[in-house]
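One structure below.
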Amino acid sequence: MIIQLKQPINTTIVDELKVKFARMRKQVFVNNNYLAVIDLDHFDFTDQESAAIDQVKMKTSTYVLGSRMFHPEDTRIKLPHSQIGGSDFTMMAGPCSVESEEHIRRMAKVARQGGATLLRGGAFKPRTTPYSFQGLGEEGLRFLREAADENGMDVITEVMDETHVPMVAEYTDVFQIGARNMQNFSLLKAVSKTRIPVALKRGLAATIDDLLNASEYIASGGNHNIMLIERGIRTFDNKYTRNTFDLGAVPVLQKLTHYPIIVDPSHAVGAWDLVAPMAYAGAASGASGMIVEIHDDPEHAFSDGPQALKPDNYLAMSAHVFALRQLMDSWEG
Amino acid sequence: MIIQLKQPINTTIVDELKVKFARMRKQVFVNNNYLAVIDLDHFDFTDQESAAIDQVKMKTSTYVLGSRMFHPEDTRIKLPHSQIGGSDFTMMAGPCSVESEEHIRRMAKVARQGGATLLRGGAFKPRTTPYSFQGLGEEGLRFLREAADENGMDVITEVMDETHVPMVAEYTDVFQIGARNMQNFSLLKAVSKTRIPVALKRGLAATIDDLLNASEYIASGGNHNIMLIERGIRTFDNKYTRNTFDLGAVPVLQKLTHYPIIVDPSHAVGAWDLVAPMAYAGAASGASGMIVEIHDDPEHAFSDGPQALKPDNYLAMSAHVFALRQLMDSWEG
Amino acid sequence: MIIQLKQPINTTIVDELKVKFARMRKQVFVNNNYLAVIDLDHFDFTDQESAAIDQVKMKTSTYVLGSRMFHPEDTRIKLPHSQIGGSDFTMMAGPCSVESEEHIRRMAKVARQGGATLLRGGAFKPRTTPYSFQGLGEEGLRFLREAADENGMDVITEVMDETHVPMVAEYTDVFQIGARNMQNFSLLKAVSKTRIPVALKRGLAATIDDLLNASEYIASGGNHNIMLIERGIRTFDNKYTRNTFDLGAVPVLQKLTHYPIIVDPSHAVGAWDLVAPMAYAGAASGASGMIVEIHDDPEHAFSDGPQALKPDNYLAMSAHVFALRQLMDSWEG
Amino acid sequence: MIIQLKQPINTTIVDELKVKFARMRKQVFVNNNYLAVIDLDHFDFTDQESAAIDQVKMKTSTYVLGSRMFHPEDTRIKLPHSQIGGSDFTMMAGPCSVESEEHIRRMAKVARQGGATLLRGGAFKPRTTPYSFQGLGEEGLRFLREAADENGMDVITEVMDETHVPMVAEYTDVFQIGARNMQNFSLLKAVSKTRIPVALKRGLAATIDDLLNASEYIASGGNHNIMLIERGIRTFDNKYTRNTFDLGAVPVLQKLTHYPIIVDPSHAVGAWDLVAPMAYAGAASGASGMIVEIHDDPEHAFSDGPQALKPDNYLAMSAHVFALRQLMDSWEG
């Protein structure tokens, strides 16, 4: 049940309602306009209560805090060098893995040059087999942080392990939760207890509802700085593309939720020469930002080389993407 | 085996080779630059023959005529009012079904106003259940033809039945083969014997290779005027979109084949308010054209009302799409 | 709307109702117990009419004739040498393609020896590419018919083309409609006009509902001798099996429809050494029969060799399958 | 590279090789017959070394320890009351969640009566939404352990969180890793450091290779007591079954790996009336065991009620399953 409150809010009534629902052992969430009560189908409001209420919506999604019904306006996430959500378009770029201090520095410069304000790079890598490169660990995070700082950028990096959350928090501006961990509920609960923004990647076989329900683990734990990343889903056809880029998810999610939606064309297609057209398509779909992988020597990349854009291609692509969004911004007026 | 011939072509040698391969009971296809022999893995060329040959490619795809290896340059299909393929972007629009003489006329005007040069409309409808509206039949084709002619447009319409091919041919400029008939090989063979362009829709579970192999039935029968339509594939997630729009297929197909690639955002998403963002994404992906469904009274449409754009939305969308492509054209220079 | 009639049936009332519904331009179907009216949501029955009616079911599936609601008892299909549906378990076996007169004769003997009462074999083959073996055509049908007759068996063979229906009808006891043609509605309508039993294969991406709706094209055209074949669906995992054998579809379909459900482990897995375990699983799932591919020289089979069982393996497998079903029959008592 | 050693093994040579490979910074695994070296494509063996070697297999899967190539014979897992793998068929049953001390006791009695030697029950539940029942926690584990002990059964229960591993280890005989955590590599590494058997469930979109690679995280960490559970995959059709039961995975996995394969018909179909036929199919496919959910009051179950078998149905089903396997055992002779 989501209760839309009359403005100005009658805080006495709201407090009384909260006590009543708590006695019924119901979870309650409140914001400036709404009061959500989990798993409550019916309630007899007093006349006084009814007078403080605009309307009551009975039919809600299983995710409440992430829904437009509870929070109609867009979430905007502010970082030292970036703003995500709303009218801006945010570029995030960097190599798949942090490979060395020098390499991530070089890549950061390129990323920034292409308009990226967040630097990506993995220090803990969730690899399909235990015998693949697993990342440089904390040292990699240090390199990543320094490279970002040198270039006036924010950091986004994956956290794979709930016990690492405090340590990774010292280096990053955004926690990335990988597709394979989208329903690692212990990890979601761990990041929910921080106030660091979380970029939650859609799982390979996650429905839109699964993704939103997973994000609710983060929000219900108290962290509302969430963005969602579409990075391709697994389908019957993966001969030429690693995954199927589900761009229809972008406008669907924008209807359902207020969180910023980011697209990841690199993982979606898995082949560098398909990244630019999919980056254009992703930008045109209306996403709030993009995360792409770049590398100056893809053949020798420690991971995911085939999908990395070389610097020149990245710079051309990002210039086109920003031009395309500039054009699209003119349509709104 | 694909044999690249030296220029100028030694026609005596080519003719001799054709005879030799025919004696081996191999199928042979020739164009201005290449000679393809089906199912031949090895051949001892004479010195004279070798002298006439640039190179021999042994590893070919199962589709040959549709491949860039046999036909590197883009196929361009010329119709009285449209050109499809190459540098142009072609809009095709109209209602799902031809509903009446008046209605299709009204819709044709709107379609043309939005820049469409082909009018779509179904007179024979492949409906999931036998109890749904099955189309107006030949009368519908007549209405469609007249509406197109009145507005200086070409006609694209579905043919479902090989016995209908000659009759439909009297009314249409382009045969559409629906997703459910993509591997109806008898129908493919029937249209292959005409010279009328064929728009082949990708099946719901068809891989890229399946689609290209199906198109080869048309080409090997002698009809090379082929375009391919991506219209969404079936995946695990269909709660909010009818299908999953596989835009990655656009650049993949453009690498593999010379046929024009068209996108169909209407069927891909199945919900009108998602069509515009997916139309932008489809245009940005680099497709050669787009086919969309429009209706002035979607609630009472005979079929697929929920995915039809109302005239105003269509006009805004198509203006944006053309603007977006104009911007993108400037990138090539 | 499905109307359950009181017994004994008041034929006067039924006839009057039929006239009324016809005047409303509604399609009507009647059997011994039920009267189905397509697309009718509400009707004011007179008292007399109500007195002749047991109950009215408003919420029906889009397929009516195939539903248990309209036809609760199992459909049993009787052929000269076989009975399909009900308590029997029917084995159908043979090579993928009819390859020669001698070969199909040899295979028929083996098939019969393993308890098969239907001989399968393709004379018209729906091949993914136009350059693959397309079948022996009508000559193949003659060989197939003779081989079946010699061994006291019935014939099941694929018809791909509506124009072939009368010709194929001269040779076969059962029309098989292939997975790729499951929604070739013209073909479905063509076989619906015969009284020859139809075995409809589930399409690669067809839902349970799609399959039942497709079968309704056959039934509503007047042919009620229908069986449905589960032959594997297309999913994300096809490295080790060609398709994913969806055995859950067997009990689901048995709840929804009265038609016999047949399983095809050969196409489902596509690898001969997986066929036996899947045949046991298919039999254990409760299917009414099984169709399997056999070949005495799989390496040189004209098509689908890798999935063909050699005679010895087939004989062992079928003996096990019949033993397993005998055990299961004892559970019903 | 997998090196098959001559018997009797020349331990001096083996030790020397291990030193050489270690100097090359290669990971090495040894068992009684084989020596596996990770990521080594070529090696020049001395004559002495070659004399101690039977053969060298260069082309190995990315998972090595789990492969039949490195470990041809079946893994058998021995627990106080059960043996899993090899010729036995093991039944595991119990409620989805541990709901109370009394309830799990009642269910344990039923499970044991039906031949189950492992008691299942969740105390930590990975629920799609944060607002669903999350399990009784450690108290639930205590109830589960006591109920199992009272009935001479072993315990299998899910661990969701690496920090819980030591605590759960005090109560369980088998760790279950849920489908959503199949690629939670931190959790896999945590259980790999124990010697408690692990039942790894296949993820919703995990390929066969993904599953085996995930199991390699457990094995390469030192825990070889692994079983794999097929529990249904996510496909386009989920209207009537929650997932698609991929029984073809059973014989495929049995060819590739030596670990026992267990089937979970309850989660695969998600509807109690489909569980028995799928249990029969699963047993007939050759799986080494089965895990099913039971409940005496499914309508009021704390989780997954719709798929729970009532005691009577469970007892009938399990009797049939054991009879079916007894019949199948007679085939091997």
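Lettered A, B, C and D in written order, each chain numbered from 1.
Simple rule for what comes next: a residue touches a chain if its C-beta (ideal position, glycine included) is under 8 Å from a C-beta of that chain, and two chains touch if they have at least 3 such contacts.
Because the structure is a prediction, the values reported are computed rather than measured.
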Seminar exercise, completed: Chain-touch separation of subunit B and subunit D, in steps, is 1
Problem set entry | Selected interface, C-D versus A-C, where C-beta contact pairs are more numerous | C-D
Problem set entry | From subunit B, the most remote chain by mean C-alpha position | D
For this session: Compare the two sides of the subunit A and subunit B interface and say whether they are made mostly of the same residue numbers, over half shared, or of different ones.
Result: same
For this session: Would you kindly tell me how far, in whole Å, the mean C-alpha position of subunit C lies from that of subunit B?
Result: 33
Exercise. Roughly how far is subunit C from subunit D, going centre to centre by Cα mean, in whole Å?
Worked result: 37
Seminar exercise, completed: Distance in whole angstrom between the CA centres of subunit A and subunit C is 48
Problem set entry | Where subunit C touches two or more other chains at once, by residue number | 205, 234-236
Problem set entry | Residues on subunit B engaged by subunit A in the complex (per definition of touch) | 205, 207-209, 233, 235-237, 239-241, 244-252, 255-256, 268-269, 273-274, 277-278, 280-286, 320, 323-324, 327-328, 331
For this session: In the complex, go through subunit D and note every residue touching subunit B.
Result: 205, 234-236, 238
Exercise. Contact residues on subunit C for subunit B in the complex?
Worked result: 27, 38-39, 62-63, 126-131, 160-163, 180-181, 183-187, 203-205, 210, 213-214, 216-217, 220-221, 234
